[in-house]
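Same chain, two partners: subunit A is paired with subunit B first, then with subunit C.
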Partner chain A sequence: MMAMRFLKRSVAAGRQPVTRSIAAALLLILPIAGCSGPQSALSPRGVEAFSIGPLFWTATWVGLVVTLIVVVLVAVALYGPERWRTWLGQDWIIIGGGIVFPVTVLSGLLVYGLLIMQAGAMRSAQVGLESITIRGKLWWWEVVYTTPEGEEIPSANELRLPVDRPVRLLLESDNVIHSFWAPQLGGKLDMIPGRTNELVVEATEAGVSRGQCAEYCGGAHALMSFFVVAMPQDEYDAWLASKAEGARAPATAEQERGQRLFLENGCGACHQVRGTEARGLIGPDLTHVGSRLSLAAAALPNDTKALMRWITDGQHIKPENRMPPFRQFSGGELSALAAYLSGLE
Partner chain B sequence: MAVDRELPNSLPRPEGELEALERAWALPKGFRLITAVNNQAIGIIYIGVALLFFILAGILGLIIRTQLAVPGNNLVGQDFYNQLFTMHGTTMMFLFAVPVVEALGVLLLPQMLAARDLPFPRLSAFAMWAYVVGGLVFFSTILYDLAPKGGWFMYPPLTLSEFSPGNNADFWLLGIGFIEISAIAGAIEIIVGTLRTRPPGMTLARMPIFAWAMLIFAAMIMIAFPAVILATMMLEIERAFGWPFFSAGKGGDPLLWQHLFWFFGHPEVYIIFLPAAGLVSMIVPAMAQHRLVGYRLIVVALIATGFFSFGLWVHHMFTTGIPSLSLGFFSAASMAVAIPSGIQVFSWIATIAAGRKPFRITSASLFVLGFLFIFTVGGLTGVMVALVPVDFQVHDTYFVVAHFHYVLIGGMVFPLFATLYYWIPMISRNMLSERLGRWVFWLMFIGFNLAFFPMHIAGLLGMPRRVWTYPGDLGWNSYNMASTVGAYILAAGVALFVIDLFRRFRPTMSGGVENPWSAGTLEWLPSDAYATRSIPFVTSREPLWDQPSLAREVNEGRHFLPGAPTGGRETIVTSAVDALPQYVIRMPGPGWSPLIASLGMAGFFLLLTVKLVVPALISGVVFIVAVLVWAWSLDHDANVPAVDIGAGIRLPVYMAGPVSHSWWAMTVLILVASSLYLAYVFSYFYLWVVSPDVWPPEGSPALPHIFWPGIIGLLILGGTVLLLFARRILPAPGSTSRAFPFVVALAMACFLVALTGEIWGHWASGLRPADNAYATMVYMACFLNLQVITGCVFLAGFTIARYFTGKLDKERRVNFESTALLTYYAAAQFLLGLVIIHVFPRVAI
Partner chain C sequence: MRRPLLPGRKGLFLALVIVLFAGLALGAVFIFSGVYNVAAARHHFDITNAVIRLTLRRSVKTHSLGIEPPAGLAEEALARLGARHYALGCEPCHASPASSRNPVVAEMYPAPPPLSEAVNHWQTEELFWIVKNGLKFTGMPSWPAPGHDEEVWALVAFLERLPNMDLKTYAELTGSTRTADFAFLQDMSVEGLAAMCGACHGDAQTAPVHPFAPPLHGQKPAYLRRALIEYAQNRRQSGIMEPIANELGTDVIEQLARFYSNASGAPMPSQTPPGSAALRRGEEIAEHGIRGSDIPACRSCHADSASGEFPRLDGLPAEYIAIQLRLFRDGVRASSTYAAIMAPIAQRLSEEQIEGVAAFFASQRPIAGEAAQR
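== the complex of A and B ==
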């Protein structure tokens, strides 16, 4: 619910940077129906994404003007008056148009680009930032927070971060190469086995946006997404403290039955629910799965119906995912399981 | 114009001269047509098959677009989709773009250079058939659900056997492996062809731009392809035997693949684009009826593009987390490469403007103009992605998909269609329909832009590449639908073209439509299966414009080599820079051996992929036998008197030493081998630098005592000295030299013993190739030496056999020279390897 509220608020009252008006102007020319959308690089909500905007639009404008120049020159060369054609049909146009002009424009763009890149590199070099480890899995994201006390809190498929405070993301993989990309926060960075890549991001406003794996990682690459939830600092602190705790005990008889089924059917071999005997580390940590915005790396919404479908029919929803289908449950058992998992907030 | 100036040969021509020429160059009849080696015949089949792959890969593209038309579509499943886009990219790049360009080279270059054929006709035939057979088998894997699905870039670890079990990835590696071999064979042909078979008087500065472009294209293949050949070998070895080149856990690095792949992959884009640009530089002057403005600048631009293109591979890796200093360097290089393209665009504009009459708007011109627009847009989005921060956002999104389709379809497919409209009259009795051509162009142009422009926006809105489905609430739906509609319009244009092709294209060897565009270059001379009746003496860049009587003179046989003086196929070999006539090369005619050799090679690789070892070995033997049969007929008798080609010039018909075409071809092959080895040296030091431990890693056995590589090095030097000695004791024609075969054999024995000793030394120390990346690289050096030395041994055996059959002596020594050249190279590579493996780890701290 909170997420939906964020989503609405942010769409209604998103920041209006200067680039937006340029973007709006461009709308008249380019058939862009809208730049928004929860995964759009054109509606930034992070310092890194904002810094790229003006560079992108500058380059776009340069490209547009150059294309127009070329089109006009070709038109003149084809149909222009004799005098203009003679004027155009000489060596100097190659020197001027093919060498001097591009060297000037490209040098300008290059310097601009390098300045932006350098600024980004400086921000990444800041020391003492809070860090969050994100590991690319087949095909989901393991997200590990560290509490101020130094305790590691595993979670999955969702990145929560405080607003207006840079956070260092440590990007890793122990399988194939993935690429972490949350367009509204900033650019992407690959997760490569044997390395830890560091990406500093800073959300500029509270709200929910979406990200997706950008490096082809085989199988269900298309269904490896996540949500980013930026929260005011105090909310974030409270959230992290609550997630540091173990799983909530079942509150109803049905949830209790669900927990029993969960433990008896071997779910704990792959999944961890902290505070119970389920300590598997292969699949996503489910200690607080009920409070997440999505299931199966944003392949499904998070509700009891989706949970039931996922347990029985996951291979159809997300082919090749590593969780085998569990078809042994009766309808009642299934809803008990779903109730238990939904209750793990 | 000097109409009555002195021509090399006088009229009337002797009786039977033309008939002899016709006899020598006649095409085989009926089903034996597949044994033809004439460049026109090979070229037409080659282009036809490449277009077939274009259509097949295009159909895969249409399936992709249909699947993505609406969100959450279930037309094709995830696994099949992953095969689809892998095969679409692989087929377009490896089975369409590069081969079609080589095919155009095979078809057009000899005509533009007025050579009777390329210098190695059977090599062309072999390259073409290897490509046809291998390509078709490789492509058919998509029908059996066996197609590779790791993307056309095949990044490990995804493509290692742990994450890609099954044969799918092996099909890619082996299938592509020998298509690369075919590309290299073509490149050798093109380099020697452009440099050595130009007509007398066509200095480098008078060479048609397309020939320049093909020369640079071939040189780039020579440098770029070996990197990916090495990478595919390493990946296949890791998949099959577990040598850890790319596994981080054992000291390998997945990024090594990316470096090697993109060191090939980026130049690849220009390998495709440069010849297309060269073709445009031929079409524009013809349509403008004005010489190309800025010829020299264009040549410089082509060379600069080739040069820069090797300095920007890392821009495919901006998001892998490499340091910002190298990002800056590669960003700058990526932008710099836009400048040569700018030079060319403005030169074409200037040429269009300079024509005295307005630029003729034909179907070919329309495609050129469409190319200018699309390529400019693609170039400019290229500048955008060269800006590192912008790339952080758009890398691996549909923005990039849009960008490279603008560059590749704009930069290559549109010029290709212009080329087809423009040059088909040269080889067909009919021209294509100009009326339908308008329709084809506008359908393709509108369809293309509608298909690919919206992808820029979809990418900016966050749509990543290589996704088989997407949710409907991210704002991507309408752009995807537009792209799909556009793709079908584009396909309709191509389909219309194909229909017209079937209706109108009637291939012929005996000259097509006579110079329909009033062009100025030699391919529009009247010709037949023997090419032109005589080989023109060239005095300018556009000989047909500057010497209006040239076509008649050439056709009357008044220029050089108007007949077939040795009774076989011949053409004139000229010097590389000034095109002074040097000798007459005798070339082989039709034969089964190239076809059978290519079948054998294809069978060997493909059967090996499905692990049918015995049939694979049989195929391998077939390949070797066919190659031996083929090679046996190549080195002609040296004892033939010189022939008169006209103007009182008498040329020898046998040539050995550094002037001969075989010496040049071997040199090019050695350059290819050294590119491959340099890629290995790069990989060795790369893995050394990224390895967190010392090199060799802790726990590795000590290197053999330095004494050991010392002895091995001496053996190598000894073998080399023996070969130098063998050169001196070559028998005079007609006599024998008993020591010669023994000395050659002993030299080979030195190399084999040295190689065995090197391998044994490491093995005895306890080092095993699968231990870690260090051990892997040590044994890889041995493997690369084994490859080259095997080649040397085969050549040496061949040389010895030639000696015993009396076909080798001091004069007729080309076979020996080829053996010696390759062996000297093998020695150099071996010694460098010894230093790298045995000395560097000892001296490094």
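== the complex of A and C ==
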């Protein structure tokens, strides 16, 4: 009854300038232009993302239609002919449109959403899937593959997947809560300390997309991203086999000098380069760092210039990150280090 | 209507404004005319002097509230370390049982008091505050290493013993009857300099005077060179080492670094054995680090196979290692290239872990001689 009285009062009120509201509405549409590209949930490239897609579009379209109806009714209530306004003020319209309609529409959407989630849960319950462990770190991703022989292959900041083969992601954290979100693959799932959350994903086409930590996790949260590389199955298997091997030996004199500097300056305290004395487990595994698409959890491109910047000035690129600055190197030493690391493909 | 005898509120306000401006104008004339005599030869009026002294005394008293002397202040070893700095850094102005006050210094205004007597006027924490912070307009500098309070306490430990000290005790505490200042270091041979260093850092026969002054023998030369250069350039903080390193040329630093890397030293006096739990904790961090806390193994850098710029820690006194880790942690030692690496790691260590690591490295045997060459 309160609503009825309010509506009647609104109907009785005078006209308002509308141009400003239209401009505001247009501004709100602008961000939608950003909804494309490698991190867009609107261009699905995974089975899970495809099943979330219809849910998103259904909810969006239903919302749009309801909004339009409401806007039209409000316009009629404000500016319509007297006869229409009287008709709108009837009790059954208000009860029907204000209670029955929303309850029906929202319940329908809820059931629909639950059905889709149920399908997702069924997919997660599949047994015998190959799994990849992803641990949220401050502020990067540790990615551990397992070979068919059961050997664990540590890597970082990049998720490689076989196309058309479901993979179980085991999402963990040993520090704060992170959230794993690769929008083109599927929905997001939190990484909670002391728990292993499981997310099954299946890429539907080869290509590169991008993911992002979706739960604020401290200073450099916004710079905690990763690339997803979906590869044809045979290519993926060959890739995994090659990454199971230790690091490539330095090929040039400069790379050799770089390796010596790497080992002498304590880089191995935190970083592992399998096949060398560097066995640190605190920072990302660098055994094949040269073959990755990005550095520092997609904060930098992977080239020698960025490597040199990261070693000396990482705190400016990614404030508060856990790696101290190493500024003791001369220009030549830095290039040698970068050459060595780039060569670790 | 009769005019009132007394000025009204308005008149009173006007009078105040006039007096204020007249005062300001007089002050301006006083300053800009230059009639005030700033000569040190022309002393303050007695009343001015009394006010200044009262202000100083009250200021020191208030500002030193809440300062707690450390537990080991009465230790003679600490006083010895302080005495050695006093002989180089303080005696030239403040005299000592071995020397009366320099007549030139005596004409400073205010003149630095001969401390053998003046120390009696101050409480322990007041002495600490003065040495640490200096005194405005007196020529008394603040401690050159802000935040390195342990050094200041070493000096205070000596000052506490200074009143009525006889020459023999003074010579014994400072390790020399010779009085000097830093400048004479410039003219010394490497052997002479090493003897000077040895007064605190020990030599083949004697252990270091106090654990705060680490033994240098068998240390990596590149690290020793870097440490002296960082002291000289004010990138590493020490009120004791900075003025010494400042007088040393690069070639002398090079020779000293080589001398010490080859030298063998006396063993450290046996330290109170730490609990085995602390040792184990320290060993775990030193050898393996703590992955969950992002603490890398100390040995990744502090090993003979690593760069010569990383110091060797084996056999260093636990107190020294612990103090340095706290200086790293608290940002006192953070401005040099290498300190910037160590500081964030030290911040991840708890007090217990610092003590464990320090105890572990202190329990390791130092490597001397050729093995030290890198």
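Basically, the second predicted complex is superposed on the first by the 310 of 345 C-alpha atoms of A that agree within 3 Å, B and C clash if a C-alpha of one lies under 4 Å from a C-alpha of the other, contacts with A are read in each partner's own complex, and residues count from 1 in each chain.
Everything that follows uses one rule, which is that a residue touches a chain if its C-beta (ideal position, glycine included) is under 8 Å from a C-beta of that chain, and two chains touch if they have at least 3 such contacts.
For clarity, every value in this text was computed on a predicted model and none was experimentally measured.
> Would you sort A:Q328 into first (subunit B), second (subunit C), both or neither based on which partner it touches?
Only subunit C is touched by A:Q328; subunit B is not.
> Just subunit B (first), just subunit C (second), both, or neither: which does A:V70 touch?
first
> Please indicate which partner A:G266 is in contact with in the superposed arrangement: first for subunit B, second for subunit C, both, or neither.
It touches subunit C, and subunit B stays clear.
> I'd like to know which partner A:G187 touches here: subunit B for first, subunit C for second, both or neither.
A:G187: touches subunit B, not subunit C.
> Is A:L223 touching the first partner subunit B, the second partner subunit C, both, or neither of them?
It touches subunit B, and subunit C stays clear.
> Just subunit B (first), just subunit C (second), both, or neither: which does A:G280 touch?
Only subunit C; A:G280 stays clear of subunit B.
> So, A:G120: does it touch subunit B (first), subunit C (second), both, or neither?
A:G120: touches subunit B, not subunit C.
> Could you list, by residue number, the parts of subunit A that touch subunit B in their complex?
Per the touch definition, subunit A meets subunit B at residues 30-42, 48-49, 51-52, 55-56, 59-60, 62-63, 66-67, 70-71, 73-74, 76-80, 84-91, 93-99, 101-103, 106, 109-110, 112-114, 116-118, 120-121, 171, 175-177, 179, 181, 183, 186-190, 192-195, 197-198, 210, 212-223, 319-320.
> Touching residues of subunit B toward subunit A in the complex: what are they?
77-79, 82, 149-151, 155, 157-158, 163-164, 247-249, 253-255, 290, 293-294, 297, 301, 319-321, 324, 327-328, 331-332, 335-336, 338-339, 342-347, 349-355, 358-359, 369, 372-373, 376-377, 380-381, 383-384, 386-397, 454, 457, 460-470, 473-476, 478
> Note which residues of subunit C are touching subunit A in the complex, please.
Listed in rising order, the residues are 289, 291-292, 294-297, 300-301, 305-307, 309-310, 337-338, 340-345.
> Using the touch rule from the top, collect the residues of subunit A that touch subunit C in their complex.
138, 174, 263-266, 268-270, 280-282, 322, 324-328
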